[in-house]
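Look at the two complexes coming up: subunit A is in both, with subunit B in one and subunit C in the other.
Presenting the complex of A and B:
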């Protein structure tokens, strides 16, 4: 074995093994992450007989170490001697599946699921299935919750007697005393249903589903909603009404808002799972109720689904349903008392215009857009503005521009800098949709005003915005409209504004190209090298380094080099440093 | 009732270094876990001491179920909030045990600002054998290594470790007075003077505000939250008590923010008893659901009340804890005792109530027989395995033998915190820096 290879190759492995127990968590973690190296050096036999027993008992460690261990063991099959010996990995993973930390347990279950596929059908029944049973009957609920995730991987590959046992265990866990276990079972119900024979889905899963959906704990009931989606897709259409719909209707009207929230949140999936007929008869009224729910969280979740719900309605009746059932509720939500509801709606409402077409949009949706553009909450306005492209395709943006402009101006001058920042980010998009003329006329001055904002983050975003605008409108536009304004700021008495000139040049030089940079920008930068503020001077050095690649070599040698050489002898340490850095990066030395 | 209590005997008491009892040693909370196998105390010094009940042994039948120290750890340290120039005391305000989920035990402990989740676990094996060191720890010459050694686990003496698992901080502007674990095993709430927050036990960077009674203008503040607790088995129901003597029951199903209560319990004030102190003494210092979930118990300065969840208009039962203090209100106000926050507990079957008083006295009320008793927890009067005698406080001049005059009560010896074993007649009583554990007499 390894011993024969000599000491040199053993030493690093010896270090790794010792560091499995180092006091420093980071070193232990490194060692665990290289567990495959250790196992390879030990060989399959010693890995099975020495390393794995040691690892099985190391569950005292920190979570991150255990997490790494659980993950490693999932791909350890080759290192213990292949599928024939894969069951040797079960003891350490079993103990990891009972720790209190959910992430570690989940990872151990994930690895167990992975290696279950590497078990032969015989090994699965001899080794794996007993482990699942042990976990399912464990004293502590951590082990029982872990068991819930393992049923579905062994079920398809075991004999029918064992299958019956597994179904029985699952049933038991669905009515466990602790809500933790019932939650785990509820969350795996859909997955387990998928591997069951259809008859058992009807005879076993449906009663469990109904029971979990009326559990006394809200947190269990809401998970049954998720299971509802997968169960509904498994059943033939004619059984849905009798087996699933009573439970779903009950969930949509549950006393607990968290359950109704879950229904709203999963609405599109539910809609697809139950098909068009049930959607028309049942889900439309349910959706209306959710949009009018008394709890704002529920209304917001439902509002988020308005577009998707409408899109997925059966084509033949889509328009009628939207116009008669959905739109009246949407109209109410536009003036909701809760701003989260309004902003959720604003983020999807524009999408309705593509579904409803030009005439309906102009007649019914436009007033809503305009109302939301005037909403008191900036987030609502922002969400409308960020989705303008949908409307643009249908009716063109001109219809909106009269209301759009005041909304934009107001956001641009909002007292909260985060709001200003958000609107800046939409400027390139707006500019593209509104066109260069409208932009020059109405928005250009805003973009320049941001350059002298008193918040640095805004000035920074403003320079970035300029770059994107130039990308859109071209260098010639830049030379005529923004470059003169930017350069004139180099004479500003405020040194922060003078620096903004430099930052803009950093951003613009590349998109503006060599000619504009050399002719217009470079002289200004060079002039600023004699600024009395050191911060400006070292930013000149940084700027020169940045625009250097855009310039041709004669300009570099004749103009940039002398200035940098002067800066490199500056009194200020930072100026010197950045000048020297620029000289070496631009290879001017 | 009296007989039953008479037959109680002192099991054992844990006395911290009594000659040098410092402020830091004063016990600030006592709590049994759900099986009663463990008992935790917290103190003003930020320490948590966990006691474990000894297994029954045949050789020493009289030593049945003594509680011995299992683990001691420093849960909270004094801190300083530099932004508000505020000292944050390390005092443990509350301890709550989590339902047991694996071989380890978990508890939540809180001071004024920060809740911590602690894991208490045992270890009885340790790995042995290094490659690069020999048994004595001497470094080996790398060139002598000819084979790899995998460490082997060997048994060792049992070691109990307490490790902090989660720290839930930065969610409370005011002082946390209660924490309560939900029956869904997934969430808990922390309550300060004006707000209640809901946490997921696994998530430390986010909590949800479920009650907020802070007025827009703090000058309009008339009421603060004094305690809050979840219903023992309805995960959506909780109750909170206020300084005005009322209780509000909230349903989390109805709305995300529970500013509107679903039930409001308050006893109309008796105009004959109205005095300058009425408002102060009606403030509720503790509220507890019965184990059955049907009743609520509240403690105010002079009484313990039992409320039926189905009757909001008045309490079902009212018990006088120390009515003889009514004549001493002025001096109790002057020495600040009137602001003491007494806690109250149910016994395992909800038939007996227990709460504390002054002079190291504590009171028990039997709800069925309506009999009550005053007992004393003090070192002078109770030797280990001695039987507790009922005490009586008398008013006025004539004092019978064995009675104590109300004027000679020691108000610095107060019993604020007590706990009752979840299923047996074992009680834990914290008297300043001493913890007394009493149980039924063993024959």
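Presenting the complex of A and C:
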């Protein structure tokens, strides 16, 4: 086809455009994803004069195609001839920024933000800013929503008259009558405040913030809470009380739980933004209320912040505040009716011990830890166990080990496999904290029992766990405690258990080293090559491929090669395949 | 996802003991069934404390009519006290007093004439607002699946139900004066009412549906506002949260609203159809409200048949790619549309539509194939096809011919035979031609496919070559943020390089 065209342009745009127009969406999508290739083939000039106009005109397609297009155009600057010409990317992106589908629009805005940086200040005023204005005044809510995300990127780089216009547009959108637009404006309020001069933050942003924070829709109010963090950071301390705090107090007691949830969720950021004095006077009581909120969602979000909140309290009064204000609420949460609240608390409560020191921990926190270790909900127990390291530093783990062991054993045998999986993942950590003796005595048998669990995911995790334990305790320990048990499973009547032996060897050979692998493991693997189950045999082949690099060449040639050659003539297709693969990877052919 | 590893243990031997097969998984529905259902309280920010115990007031009917009005207002005020229904032991007596009072109030406004004096309106609305307007609590089950899960029921229903009942009787009372009520039943009232449609409790949504319908009917000044707010709820549902429990109810109200639209349709209404109702087909929970949605769409088309083309093209644009269940729903809606389509409109959409139907017929999912083949049982559709057989047969033939030979499901094969037979009878000559050229057509398609692959291969090679020239796209792209001037300067050379490489390739190819 190429030869037939005498023309110097080998790929006429028509052919490429045909591809972009193909009836099959998948093909269209593929072409769009390779748009840069097309542009490259056309060269910068034809990309500007032919390809981009085509793209701008034909924006009516599946959202997935549009998404790919919006993304591509963000990195198209070079392909249209560099920053000098970057503005010709604006028309297609402008159309994409008005599409209904949120993902497409967001991607278009992202790309516009990206290329805005490539505009010279002059181009920004001549081409980019007018686009933002057009979007901000669009009829349909989608374009106004998109405009909200573009103000902050052009504001710092334009003249003061244009700045005033931008502020005016932002004000208008904050009181738009479509809630979607108000939400978009509220979510960009903090970002916009950051690029404004301090005087305008006070004169423009604060009234907008106050208005959005008392919007009739809770979905708008909760976004104002997020903006609160940025705004409070920008203002000098003396203005916070008058300009921000009334709104924040109101948000913490909002009638909608979603808004209170947001306050709880952003509590640490808010705390840092308003500083220690306001924290002491205002945020402490607010935090107490959130911990006692009537909705479990809010309590859980607040419980998640307990540690961070306490950590960030001013040092001079930290202990008093914790002991008199926070701890009483925490104690109540330990026996909360909702398991999410308890498990949120359990994931951070251990962190309090470093803040409160040894004596307080033993006296006040330890009873709570022990209560949570006995909680009916496995997730609570797991969260406590997963954070043992914090307590270990402060009071030593022995204080807990009496209650710890029954809790671990119970989780290890839980009926839900996901719970078993989770506790396995903490085993290496626990082993490190508890030491090798305690481990051998109490936990080793559990680790071995997981190898014959009836859920594959557990057996797999157990295998990986063994490897991590060997990394901790060393090869010698492995040879004495683990390897014999693993190898004995190769005679198990159940083929799944026999395969587990192979999976363990896969995982352990490298950490155990050449000697143990050659002397103890290899003979077992080779023997299993004559297993009657094909799954075992092809796993032998895979296993040999895996442990090959650990072995020396004489073992490879003398022992591995003959076995693989036999397997390569196996009657089962898969066994053959994997044997051949092993032979070629280990270059034994 | 741990279970993605499971296929790795593909079991080749059948002799595996039963215990090994136990995998600890239980069906979702079983797990759900074990879970005890709890009812939900309203999410009130509990500020009120130390409630006064309610004591019963005298009965209205035992009171002389001159004092009834005063007592009525007292009773309304008494009913403004709220109780915690999650706590089933406290305030039992007061709860009973309020229940009895509400019952009496319902009875009073529904059977008596002349009781709705102007001065009572503020108290009535106040009582209703205090009881009904509350922030709905978080869903107890964060991944609540309305199709499978039992909804959480409102704990305070014994009272709330009566308040809804009262509101309804109040609106339906023959003495009810919209001109007086509009001072209280205003935009804010309606907005709060609409928020409640998100309630998980179907009993509540049912009441809301009737009430909103009444309000729409009686308050002309609120109509545009109500439509706009529903619009906003839907847009948020489609593009932001994908979660709103009352979509079906709102659509049902809209169905009758659309029915009453005057002709010609306003631009606002057309926009609602194209930008809200059609995209709504993409949402996850479509099955829950598809019937109501399709009804609204068909209502629009019955009003104005010129909307047919954009609607059908819209549906084709959002045609489900992976969800067969949805595809069956789409086909159902298309059939409803075809049932009322005008022949001139049919001609405008037949080509894209039958391309899609041809794909559906060839779907490996037998329900999709079956649903689309059922179109041929519809007399009116059949007559439309016959009228346009020259256009439609070439679109359908390929799929039907192939499926008749290779579909796994025998029912489908049988249906396809019937359809082929029908089509053959409509235009035997064209049918024979298509049969004769079937093979050649397939080969032509294959060749085209090959050509496309060649084209892209060459383009890729071009790109690679360019990259190896170290002025590649990626490198240039990496530079373009930091090093604008440099990239800029190199640009002309880059394009020159492309042209060169293209030419050299042309040469090679020609050889």
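The definition used in the following text is that the second predicted complex is superposed on the first by the 502 of 589 C-alpha atoms of A that agree within 3 Å, B and C clash if a C-alpha of one lies under 4 Å from a C-alpha of the other, contacts with A are read in each partner's own complex, and residues count from 1 in each chain.
Note that a contact is a pair of C-beta atoms (placed from the backbone, for glycine too) under 8 Å apart; a residue touches a chain by one contact, two chains touch by 3 or more.
Nothing here was measured: the structure is a model prediction, and the numbers come from that model.
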{"item": "Partner chain in contact with A:295 - subunit B first, subunit C second, else both or neither", "value": "both"}
{"item": "First (subunit B), second (subunit C), both or neither touched by A:573", "value": "neither"}
{"item": "First, second, both or neither for A:178, with subunit B first and subunit C second", "value": "both"}
{"item": "Contacts of A:57 with subunit B and subunit C, given as first, second, both or neither", "value": "first"}
{"item": "First, second, both or neither for A:140, with subunit B first and subunit C second", "value": "both"}
{"item": "Contacts of A:449 with subunit B and subunit C, given as first, second, both or neither", "value": "neither"}
{"item": "Subunit B or subunit C, by number of subunit A residues touched", "value": "C"}
{"item": "Which superposed partner A:416 touches (first subunit B, second subunit C, both, neither)", "value": "second"}
{"item": "First, second, both or neither for A:242, with subunit B first and subunit C second", "value": "neither"}
{"item": "First, second, both or neither for A:198, with subunit B first and subunit C second", "value": "neither"}
{"item": "Overlapping contact positions on subunit A, where the subunit C interface meets the subunit B interface", "value": "2-3, 10-11, 15, 41, 100, 102, 140-141, 178-180, 183, 216, 218-219, 254-258, 294-297"}
{"item": "Contact footprint of subunit B on subunit A as seen in their complex", "value": "2-3, 7, 10-11, 13-15, 17-18, 20-21, 41-42, 46, 50-51, 53-54, 57-58, 60, 98-100, 102, 140-143, 178-180, 183, 216-219, 254-258, 294-297"}
{"item": "Subunit A-facing residues of subunit B, complex", "value": "99-104, 106, 119, 121, 123, 125, 127, 130-133, 142-153, 165, 183-186, 202, 233-236, 252-256"}
{"item": "In the complex, subunit A residues that touch subunit C", "value": "1-3, 8, 10-11, 15, 19, 23, 27, 34, 36-38, 40-41, 43-45, 62, 75, 77-79, 81-84, 100-102, 117-118, 140-141, 178-180, 183, 216, 218-219, 253-258, 294-297, 415-418, 421, 454-457, 460-461, 494-496, 499, 533-535, 572"}
{"item": "Complex interface listing, subunit C residues touching subunit A", "value": "2-3, 5-6, 8-13, 16-17, 19-20, 22-24, 43-46, 135, 137-138, 188, 191, 232, 235-236, 239-240, 275, 279, 317, 355, 451-452, 454-456, 458-460, 462-463, 466, 473, 476-477, 480-481, 484, 487-488, 491, 495, 498-499, 502-503, 505-506, 509-510"}
